[in-house]
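Before I ask anything, here is the structure I am working with.
Read from first to last, the chains carry the letters A, B, C and D; within each, the first residue is number 1.
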Amino acid sequence: MGNSLGKLFTITSFGESHGRCVGVVVDGCPAGLPLADEDIQSEVDKRRPGAGAASTSRSEEDRVEILSGTYNGHTTGAPICMLAWNQDVDSSQYLKNRFLPRPGHADFTAFTKYGGFNDFRGGGRFSGRITASFVMAGAIAKKLLGLKGIEVLAHTVEIGGIKAQPKETDEIRKNIDNNTLRCADPAAAEKMLEAIEKARAEGDSLGGIVEAVALNIPTGLGEPVFDTLEGDLAKAMFAIPAVKGVEFGSGFSAAAKRGSENNDSFTIRNGKIVTQTNNAGGILGGISSGMPIVVRVAVKPTSSIGKDQNTVDMEKMEPATLSIEGRHDACIIPRAVPVVGAMMAATLCDFAIRAGIIPEVIK
Amino acid sequence: MGNSLGKLFTITSFGESHGRCVGVVVDGCPAGLPLADEDIQSEVDKRRPGAGAASTSRSEEDRVEILSGTYNGHTTGAPICMLAWNQDVDSSQYLKNRFLPRPGHADFTAFTKYGGFNDFRGGGRFSGRITASFVMAGAIAKKLLGLKGIEVLAHTVEIGGIKAQPKETDEIRKNIDNNTLRCADPAAAEKMLEAIEKARAEGDSLGGIVEAVALNIPTGLGEPVFDTLEGDLAKAMFAIPAVKGVEFGSGFSAAAKRGSENNDSFTIRNGKIVTQTNNAGGILGGISSGMPIVVRVAVKPTSSIGKDQNTVDMEKMEPATLSIEGRHDACIIPRAVPVVGAMMAATLCDFAIRAGIIPEVIK
Amino acid sequence: MGNSLGKLFTITSFGESHGRCVGVVVDGCPAGLPLADEDIQSEVDKRRPGAGAASTSRSEEDRVEILSGTYNGHTTGAPICMLAWNQDVDSSQYLKNRFLPRPGHADFTAFTKYGGFNDFRGGGRFSGRITASFVMAGAIAKKLLGLKGIEVLAHTVEIGGIKAQPKETDEIRKNIDNNTLRCADPAAAEKMLEAIEKARAEGDSLGGIVEAVALNIPTGLGEPVFDTLEGDLAKAMFAIPAVKGVEFGSGFSAAAKRGSENNDSFTIRNGKIVTQTNNAGGILGGISSGMPIVVRVAVKPTSSIGKDQNTVDMEKMEPATLSIEGRHDACIIPRAVPVVGAMMAATLCDFAIRAGIIPEVIK
Amino acid sequence: MGNSLGKLFTITSFGESHGRCVGVVVDGCPAGLPLADEDIQSEVDKRRPGAGAASTSRSEEDRVEILSGTYNGHTTGAPICMLAWNQDVDSSQYLKNRFLPRPGHADFTAFTKYGGFNDFRGGGRFSGRITASFVMAGAIAKKLLGLKGIEVLAHTVEIGGIKAQPKETDEIRKNIDNNTLRCADPAAAEKMLEAIEKARAEGDSLGGIVEAVALNIPTGLGEPVFDTLEGDLAKAMFAIPAVKGVEFGSGFSAAAKRGSENNDSFTIRNGKIVTQTNNAGGILGGISSGMPIVVRVAVKPTSSIGKDQNTVDMEKMEPATLSIEGRHDACIIPRAVPVVGAMMAATLCDFAIRAGIIPEVIK
């Protein structure tokens, strides 16, 4: 269990890294939305390993197919099943290291929880590859939100300790697709790229931080006290492998601030009540304030590294050394960016449908 | 909607700050657990404003009453309704400032979402007082977890930028109830107290960070990919007003680490597979590893401050100045500590019941 | 668990027959609905044992109190907790027969499931008294539906094998509150009353059938394939103790019909598409057709009867004879009528909110 | 929305009658269950239109493929996606009658609800063909229940008003697969077959009643007051197109009985408490009593009939006559039998997992 998310816009993910496919069923998409394979494909392509230095060499040419829920180029109100068939799979190393859990991965916990029956090849259900299914669902969510002028922008703000300078929305929008690292600050991106190259050369990996911003969110989304915007967004983000922290607005830095610094004063702009700053990240009391929603997500460094690591042989119950060969991202951040955006879009879409902002039929 | 949390151990919170009561219905508690009003009371007392400098002067003498779900001193398997009647309520200031939303509070978003029908007195449903209902539910969860030797320890690790030194578990357990700030590092606690006094004197407030640790968690809790331990714990934490960030293990600091630093090597200790470090915070792939689960929660500085603040009059739609008199915590952290522990306990209890670790009947 | 119902309009029931109270939390009621204790009271009074021959002599003077979720006479959007304190409770007989499960009751299954910790007094959580909490929730649902012109009419159509003649809606509406049996056919009601008197005199009891009709339902409610109108209405009905069958429209009689008889032809009336008959009971494909929704509920004869019955002593594990004294309804049907109406209203209200027909704020 | 069912054993159905496929995702299946395509196929074959007179001539040679959730012939604990590709589809008649809703079908309600965007070909999402996905899920549930000795037997008890004689369990088990009508009473089956032939010859159709029995159910399944066995079983049954009534045990006939007749006395057999009769259908207070669970499901006559029918043209808004050619079952009952069994199995499996009877890992 645990593979469904959302109350009225519900995502059910399925598939494994080295199984037949990775896919998702989206239930609750309104009828009448124009939707073709290409709409999904273009989003999924964004998380494809690039030609750039930051990426793995596994050639994941995911061709998305919509299996249900559309007719005549529009959604029908029925559940939309989409998937990409797996290709270019080489499981040999995983079979060889069957009983050697990789540090930082779910090999050990999955082995224990599922009594050794888990499909461990390529990390199976715990592979980053699963996030392709999130992006498929997010592609639909983005289209639905777009109908109401809501836009979700995700971008890299930190890699290996190198921080991007804050940029205006327009620059973020422009840069993220122009840049292998999906970073709005080209100068920082260059340094990040060097750091990644260095880490890779040393058989190591880097982590980073992804930020996502939702624009034109109406006031009033969110269902306190438990189904808050922050709570449901955070839950969605933690579904992304390697995410270990989530914060909104001033986030952890708020802990060191004073109330007089951190409070966002209200003012009137263009006849609307807004705040002068946005330390709240667009959320007060779990409800959207109308300001941009800002979430930041900490991604740990890729667990698969070239260096030898200490582990145990789970079968023989003795110490062992693990040497991971294979193909791995030295830094997963650029590929995590569209996934963070997708999860934000899916979550906001669910709230928008609950609030009746997105209707049952798109006309 | 949005006032229920948990799949098999379900909490439904109700009540307002200045209404008749604050309470909760706990559904899914196994039958046979010894339970009396006092078991709940002792936990709720921990979030009571202390005599210490850190606390508000509203005298919240919450007397908890169990209204259903117990018989002959034991739980019956039926839903447990518990509440505390509100007392010592003074709504005059709220009535006066009816249309002046307090910066940092939910006044504006609640007003907009509920069309002005929200009970705004004392923040109504968005008051920190609501967390008394979380603590009631958490008290039951803690008892259930305790039957399996699972312990949840929450404590203050940072206030106003002052960080506590890391301490051993024994010291944490010993110090947190000995200390008005619920901080395991007495030296830091002293400095924190001074900082709070200073902020209060200046009509200002401080934020901080609360850490919670769960000990003796068996391997295998958590339901990936969406109902992960991190995801559900984070969602629960964001229900606490003023929380703006949640991280596990090395959390945000992992973003600046290398894989070789952040990966936790496996080893064998006492015949069990463990990790040599715990950067994962006891969670791999969303599943418990058997190591302590470590979560840290960023709490923004109290929004209610003595200083004048800029706001708007929502009725007249014109700028206004707000001066909050009343009784407020200059730092909410010590009172948030038992709430963080309660939410962690409630969430883990839900997972433990799903996993069959806690049975339907306690014998 | 299992004490909550509904997706966006959620009812959480609590309380026991001989405990402190019976109550409910309604989450998801829009803000702005005028609501006072009296609105709930008048509905709850309908299930009160009448002075008539059909009723028990326990004097259940339920005074409903709203504990949360309203302010200034309107709902606030926050969860509404309501309860009635129990009075006039005599548990002596239940204590005496602690280990003798009453045939037809849940004594045996509850004892087994909850390991003997269940509150067995008066049937505890399995008492018909619990349905007072359903009626409280239904009272709110009825008010919400009423805003959209939707009306729910429940009435007795059969008792002890005596069938009421079908009546027009107007007559049903007029008669059900004029009549201790809540039957729209006064002639049948008279015979039913005699049958009840006879059964009572013989220490026996009678069952019957309750019908509920929802009028002015818009086309399009219901979420196939699992969250159908029939499915969710039926689930709600089976929460009522003693219900053993549920059917819609022609129901079980359809099994013996031919397609050409049972199909409802479409036609146009007042510019709207309607059906010429309503064998579908207003539901096609799980979705409302705009015709009246018609559900019929089979209620078994009251399990508590005066005659001696064979049972077993669960402690000694030996055969025993049970003689139930106490106060019991010889026929529960008239008191079940408002409960059936309440469950129908609550379920339809949930669907109406999902469909956006009832908005987040009532203006 | 509405396409998922179950709390811990969750079914998400997708696909359309004339789309690419019909399938299901099963989430919450324990790891370690041996499972191959053939296990699913053999169940799905049971609802295939037979060679017999009772069946449609569309050749639905469904080849089931498992796309995820298994490895090395066992389930892995991950979600299991299964589907059958659609073949032999002829949509011409549906395209021709696009705006003429078929009486008894969901054409009109789906058209209205989804704004005309529904895939109407072959009834789309509302086709009986969708139940193939239920049977796929039920096949897994049956295997899981079988591990605990729980057996589900479904059979035809009435067609066209002709009732089968009650038979012993052994005879039911033996006959249902020997008999094109899946009826345990061969003599009645013969008469039913004649009646079907007659109806078919007249361009008409017949309804009937399916009974399902679950054997070896342990005492204590079910979660009152809302998640009762009856409630969740009924909800599952109403997902089957054409079902208009559901009853348990003595069901609707209880309405005309006296308490002394309908109550099941307790007695001791083989050291266990049992009831002497089973009017309760194995359920008391929504909880299993240990006696066989007995549910009966009323299925209306097939809506598609050869005779001309009155309908309206939804586009032109004028009366119309509909003549359905095509291939249709004159009586759907025999094909509904495995579906009823599948839904019963899936629902009971969910309860058994909640109760911890079926563990997380099968060893």
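By definition in this document, a residue touches a chain if its C-beta (ideal position, glycine included) is under 8 Å from a C-beta of that chain, and two chains touch if they have at least 3 such contacts.
All values reported here derive from a predicted model rather than from experimental measurement.
Pairs A-B and B-C differ in how many C-beta pairs touch across them, and the larger number is found at A-B. Taking the mean Cα position of each chain as its centre, A sits at the greatest distance from chain C. One finds 46 Å separating the Cα centroids of chain B and chain D. Rounded to whole angstrom units, the spacing between the C-alpha centres of chain A and chain B is 27. Separating the CA-averaged centres of chain B and chain C is a span of 38 Å. Along chain A, residues 1-4, 8, 13, 110, 113, 125, 220, 354, 360 each make contact with two or more other chains.
Taken together, the chain B residues at the contact with chain D in this complex read 7-8, 220, 354-356, 359-360. Of all the residues in chain C, the ones that touch chain B in their complex are 1-4, 8-10, 12-16, 19-21, 23, 25, 27-28, 31-32, 67-69, 71, 74-81, 83, 113-115, 117-119, 121, 124-125, 360-361, 363. Contact residues of chain C toward chain D in the complex are 1-5, 11, 13, 101, 103-106, 108-110, 112-113, 125-126, 130, 158, 160-161, 199, 203-209, 219-220, 222-228, 230-232, 234-239, 241, 243-252, 254-268, 271, 273, 275-276, 279-281, 284-289, 298-305, 307, 309-312, 314, 317-319, 354.
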